[in-house]
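Per-chain numbering from 1; labels A, B, C and D assigned in written order.
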Amino acid sequence: MIIILKKQADERKVEALKQEMISQGLSIHESEGANTRLLGLIGDTSVVDLRHIMANEIVENVKRIQEPYKKANRKFHPEDSVIKVGNVKIGGGHFAVIGGPCSIESKEQMVEVAEKVKEAGALLLRGGAFKPRTSPYSFQGLHGDGLKLLLEAKKATGLPVVTEIMDASHLPLFEDVDLIQVGTRNMQNFELLKELGKINKPILLKRGMASTIEEWLMSAEYIMAGGNENVILCERGIRTYETSMRNTLDLSAIPMIKKKSHLPVIVDPSHATGIRDMVEPMSLAAVAAGADGLMIEVHNDPARALCDGPQSLTPEAFAHLMDKVTKMREFFETL
Amino acid sequence: MIIILKKQADERKVEALKQEMISQGLSIHESEGANTRLLGLIGDTSVVDLRHIMANEIVENVKRIQEPYKKANRKFHPEDSVIKVGNVKIGGGHFAVIGGPCSIESKEQMVEVAEKVKEAGALLLRGGAFKPRTSPYSFQGLHGDGLKLLLEAKKATGLPVVTEIMDASHLPLFEDVDLIQVGTRNMQNFELLKELGKINKPILLKRGMASTIEEWLMSAEYIMAGGNENVILCERGIRTYETSMRNTLDLSAIPMIKKKSHLPVIVDPSHATGIRDMVEPMSLAAVAAGADGLMIEVHNDPARALCDGPQSLTPEAFAHLMDKVTKMREFFETL
Amino acid sequence: MIIILKKQADERKVEALKQEMISQGLSIHESEGANTRLLGLIGDTSVVDLRHIMANEIVENVKRIQEPYKKANRKFHPEDSVIKVGNVKIGGGHFAVIGGPCSIESKEQMVEVAEKVKEAGALLLRGGAFKPRTSPYSFQGLHGDGLKLLLEAKKATGLPVVTEIMDASHLPLFEDVDLIQVGTRNMQNFELLKELGKINKPILLKRGMASTIEEWLMSAEYIMAGGNENVILCERGIRTYETSMRNTLDLSAIPMIKKKSHLPVIVDPSHATGIRDMVEPMSLAAVAAGADGLMIEVHNDPARALCDGPQSLTPEAFAHLMDKVTKMREFFETL
Amino acid sequence: MIIILKKQADERKVEALKQEMISQGLSIHESEGANTRLLGLIGDTSVVDLRHIMANEIVENVKRIQEPYKKANRKFHPEDSVIKVGNVKIGGGHFAVIGGPCSIESKEQMVEVAEKVKEAGALLLRGGAFKPRTSPYSFQGLHGDGLKLLLEAKKATGLPVVTEIMDASHLPLFEDVDLIQVGTRNMQNFELLKELGKINKPILLKRGMASTIEEWLMSAEYIMAGGNENVILCERGIRTYETSMRNTLDLSAIPMIKKKSHLPVIVDPSHATGIRDMVEPMSLAAVAAGADGLMIEVHNDPARALCDGPQSLTPEAFAHLMDKVTKMREFFETL
C-alpha cells in the first residue's frame, strides 16, 4: 500500500500516521520526489482500511498494491481448489453441469425434469423454493414445501441438489441440501455470508449484478474467513446499458478469476442472457473460456413455467446441449 | 401491455394465450398490420408476469405500457405522501436533514456529534451499529451496544434516530429506533423487505447500487404491499464506470421519482461522492433539484473515524452547510 | 410503432397527429382501454423519428415494435452475408484470423511480423498507421509512411491488409488497403461513415465503447444506406464498471447479432482484455460462440512495442493459438 | 508513477527498464518489502506511456500518481480560466446561458427563437446545422444553409453563436461562428481535436457519452497541446443502465472538474434528460453545484421540431426558467 502525502503536510501529523501504521505491524519505506512524498507500507495490508487512511487530512491519495483478500487469493494457495458436492467434484479439472427448473412447482415437474437432466448427463439438480422476484405480485416460490419436493427428486435420482437461500433464518430447512446458492441480490448480504461461513456445506456464490471481481472475491472471503472454504463462484451476467438481453455475460471473468483465485468458477448462461436460443452458444463459449461447470435452466413445459420460462430449455434441447458440451470437453482434453 | 405475436403463430396457441389472459381478468384488443400482429391487454396488468408471456413460443416480444407498481404509483395517489418520523414530517413540502456519524463508536462520540448536529439544525440523528463492509477484516459495527449508545443520544437530544438494519432477525433490537434504514446492498433483500412491510415504522429505502428507478419503486412496493406505506426513498449514488469518485450521484432521479411516485425522496451526498469537499455542492444541488431532505455524515474527528472518514464533515463544516441549506430553502420558497 | 396517448388528449390534436402519420404512408389502428388509448402505426416505421412523436404534448409514450434498421436486418435478408476481402471470404461459414501489430513501427517489424502471422495461418494482416491515443503525448502512428510499410508487407506476403482510418480526408491514402477499419471511438463519426458508404471497399466496423447492439447496427446501416453493403462487425469489449481489465468482452453480442443481422461479426480479444494471458481463452470462447473471425495483436518484441504491448502476443504464442483455433474450427465442423 | 515488479524479476531486465526510464529524464527511487519490489519514477511522468511499461514481462503492475494532463491541470494553473466568446465571458465567476433550437430549420424559426432567448436573458445563441443522428434516415441538418441562417440570427440579435462541427473539413464554414461545439460522439475524434488546437476560436467540448472525467480532460489537453487554450467543458449526461431518461446527468462532475482543472464547465440538461419537465430542476441543480453556464434547447413549436422536440422548452418556459436562474445566481452571490 502506497500513501501519497499532500505537499507541506504537517510533520507531526505525518509522524502520527507512521506510528499508527507501525502499531498495526507494518513497516514503512519513505520516498520523496520533486512533487510527491510517498509512504510505502510493508507487511499484511489486507487488514488496513484504505478509506480510513484517506480520511487523514495530510493524505492526498492511497493506492493498494496487494489484494485485500487472503483465503481466496491464489498467491497464498497456488493449487486449484476442488470442491466436493455430495460425491461430485468441481474444480481442478473436474467439470459438472447443474440442470433443473428455475422454480420448483410440483412433484411431477421436479421428478420428470430431474430424471431427464440426469439421463442427459447433469451431475447436480437445481430448483428454487425461495425466489427473489422484482415484483411482490410475482410467484415467490413454494418455500418449505418446495424444498421437500426437491429432496424427493434427490432421493429418486441420487443427484445432489442445489437451491437458493434468501435468509439465514431458513438454514434449518437446508440440512439435506448439498450445495447452497447465494443469489446475485444477496452477494453482499453480509449477515447471510457470515452464517454460511459457520457451516461446512459448499456454497455457490453468484456474482452480484454490478459487482467487481474484487468485490465478488471479498464476499467469498467473508464465507472463508468464517471457516467454510468450500466456495464455488458463479458468473451470471452483469448489468450494463445493453437492453437486448437480460444481462451481459462476462466470460472474461473466468480467466481473471483463475489468475486471482484458486476457487472454481461456473457459468449460468440462462440467467445471463434470459433468452433460450442464446444458452447453447454461451454454454460452449463458457467451456472454451475455462469454466469448471455450467448451471442451466430446464423445464418440462417452458411456456407454463411459473418463473423464467423464456430462458428455460426443454429436456430435449438440454440433452442436445449436453451432448455438445461433453464432446467439447473431450476435445479440449486433447487440445 | 402489448404482446407482439410471431408471424404464422399457431392459431390454437394464440387462442390458448388469449384465454389465459382473460382468465386473469384482462380483456384483449387485437390489431394486425402487414408485418405484425398485436394483442393489447386491457385491465390491471401489474400482476401479469411479462417474462411468463415471453416464454410462449408464439410470442416475439412483450412491451409494458402501465407501470408494474401500484401503491407507490403517483397515478393512483396524486398527492405527495408526508411521512412522520417521531414528530418530524418529511415530504409534501416538509424538508429534514439527518446528520450523524457513519458508525457509532463510543458514548462520547455519539453524544458530542448528536448535540452538535442538533444545534446546527438537523432534525434527525443517524449512526450505524450494523455496518455492511466489503471486507470481513474491516470494523463491522458495535451491534446491540451501538444501538444502546444511539438511543442514549436520542434521549439526550430528543432527536428521532435513523439506523441501518442488515437482517430481519435483528428487528427486536430496533424497537425504539424511529426510522429503519435499508442499505443499498439490501434493496433487493426481499425477505427483509417483507418483514418491514409487517411493522408500521417508517422505512428509509436506499437505492440499490445499480438499480433502475423502476426496481427501486418495486422494492418500495414490497414494503407497501405488506401494509407499511411509510417509505422514504434515498438516492445515494449509482455505480458507473467513473473512478474518480465513489459513486455517481443521480440527482435527476429526484424529478423522475416525483413524476412517478408520491413518496418522499432524500439524498445522501456523503456516500454518493465519498469525498468531503463534494458534500456541500452536492447538498445544495440536491435541494435545488427538489429533494425532501439530506442525510449527511458528521464526525467529531474524521481522521479517526472507524468508517468512511474521508466523506465525513466536522461539526463546524456541517453547521456551515446547514446555514447555507436553510437559507437556500428559504430562498426557494420565494422563487 | 405504438403511440400511447395521454388521458384527455385534445381530439383535434389527436386528429392532426394521425394525419401526420398517414401523410408518411402509414396506416393507423386505434385501441382504447380503461386507462390507455393507443395508436398502432402500420407500415415502414424505420423512417419515423420516435422522439419527434414524443415531443407532441398529447403523447405519453412511444414504443418501437419493428427494428429501425433495414439493410442490416436479417428479416429482410435471411441469408448470411459473405464479405470478400481480397481473395479472403468472411461470414456464412468462412472464418478468418487477422494478425499483426497494434502500430506499424518499422519495415523490419512489419515484414517480420507479417511473415510470422502468415506462416501461423492468419489470412489477413493488420497494422495501425493512424493511432487514436487518449493522450496527445503518446505515439500517434507513422501515418502515410506507416501505410507504405504496411503495403510493402502486403506485397511481401500476399496477405490482404487491414488498417484504421481516423478521418475521411485520409481516404486517398487507403487506396490499396483491402479492409478499412473504423475504430471504437469513430463508430458514430457519421461524416466518416457517410464517406465510407460511397466507396466499395469492405469496412470493419468496431463496436463503440459504450454502444448498444442497435446503435452498432444503425452505424452499419449508415454505410449500407450509402451503397456500400460490405460491412464486417467487430466486437472489441464494452465499457463497464469492472477495473481489472481494459474492457468487458461481450461475447453474447455474437449470437444476438446473428439473430438480428446477416452481417459477419469477428472478435478482437486483444483490445477487449488488454492482457496477453487472456487472449487465448477469449479467442477460443469467441470461436465457440460463433464468431466469423478473430483479430489478434502480434508483436515481435512486445516489451518494446510503441503501443499496446501488454496485450500483444509474440509470434510463437500466436502460432500456438492459431494451432488451437484451427483444431477447434475443425472440431466444430463435426459437432 | 510506481512500477511494481514481479517477484524474481531478472536483474538485467530490471536494470534495462531503469535505464529506459532514466533516459526519459526521470529519476528512480527503489523500495523493497517482503512481498513487493517497487520502482518509484520521479519527474514529469505525463509523457510516460503506462501501458508500454505494463508490456514488460518483469512488471506486475503500474500505478499513476500524477495526472497525465498538464495544460488542463489546476495544479499548474491555480486560477480559474475565463474564456471569452465574442464579448461574453465564461468561467471565473462569469456565468452564461446558451439558448436556441436543437437544429436550425428555417429563417423564421431561427430569428424568432433568437429574439426570444435574447429577451429572456440568454447571452449566446445555439443552433445545429450538422446533426449527428443515430439513424441515417433521420433529418441530418441544413449544413451550410443552416449556418447562414444562424449567422443571420447573430446579425439580427448581436448574440454570439454556438454550433457543432462534425468534421475538420467543414472548418472554413465556421469562420464567423463564435464558439465551436465538439459533440459527445466526437469527444475522442482526435483528428478533429488536433485541427481545433490550431485555431484560436473557443471550443465547447462535450463529455463523451461514456467518458471518464480523466479522458474528458485528456481530450481538452489535445486541443490545448496544439496551442488553443480556449476550452469550455460541457457535461451532458453519461450512459448508464437507467432507461427512464435519455442519459444520467452527472452533476458531481462539476465540483470534480473544478478540483482537477481550471477550465470552465457548463451543463446541458436538455440532452442529459431528454425530457422537457426535467430541464428546470436540473438547471437549478447545476447552478447550485457550481456550473459556469447552461445550454438549453428552446423551440418555438416543440411538437414540430425536426429534432429533439421532447426536450425543447417553449420560449415562454425558457423565459420562466431564466427568471429563476437569474434570481438564483443573485442569491448565490449573497450565500
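Going forward, a residue touches a chain if its C-beta (ideal position, glycine included) is under 8 Å from a C-beta of that chain, and two chains touch if they have at least 3 such contacts.
Note that the structure is a prediction, hence the values are computed from the model and not measured.
With every chain reduced to the mean of its CA atoms, the largest distance from subunit B is reached by C. Chain pairs B-C and B-D differ in how many C-beta pairs are in contact, and the one with more is B-D. Overlaying the C-alpha trace of subunit C on that of subunit D calls for a turn of 180°, given as a multiple of 5. Averaged Cα coordinates give subunit C a centre that lies 26 Å from the centre of subunit D.
Per-chain CA centroids place subunit B at a distance of 32 Å from subunit D. Between subunit B and subunit C, the centres computed from C-alpha atoms are 39 Å apart.
Each of residues 210, 239-241, 243 in subunit C touches at least two other chains. Per the touch definition, subunit B reaches subunit D in the complex via residues 210, 212-214, 238, 240-245, 248-252, 254-256, 259-260, 272-273, 277-278, 281-282, 284-290, 324, 327-328, 331, 335. Residue ranges on subunit B touching subunit C, taken from their complex, read 2, 4, 27, 29, 31-36, 38, 40, 42-43, 61, 63, 65-66, 239-241, 243. Contacts from subunit C toward subunit D in the complex involve residues 46-47, 49, 51-52, 54-57, 68, 130, 132-140, 166-169, 185-186, 188-192, 194, 209-210, 215, 218, 221-222, 225-226, 239, 274, 302-303, 305-310, 312.
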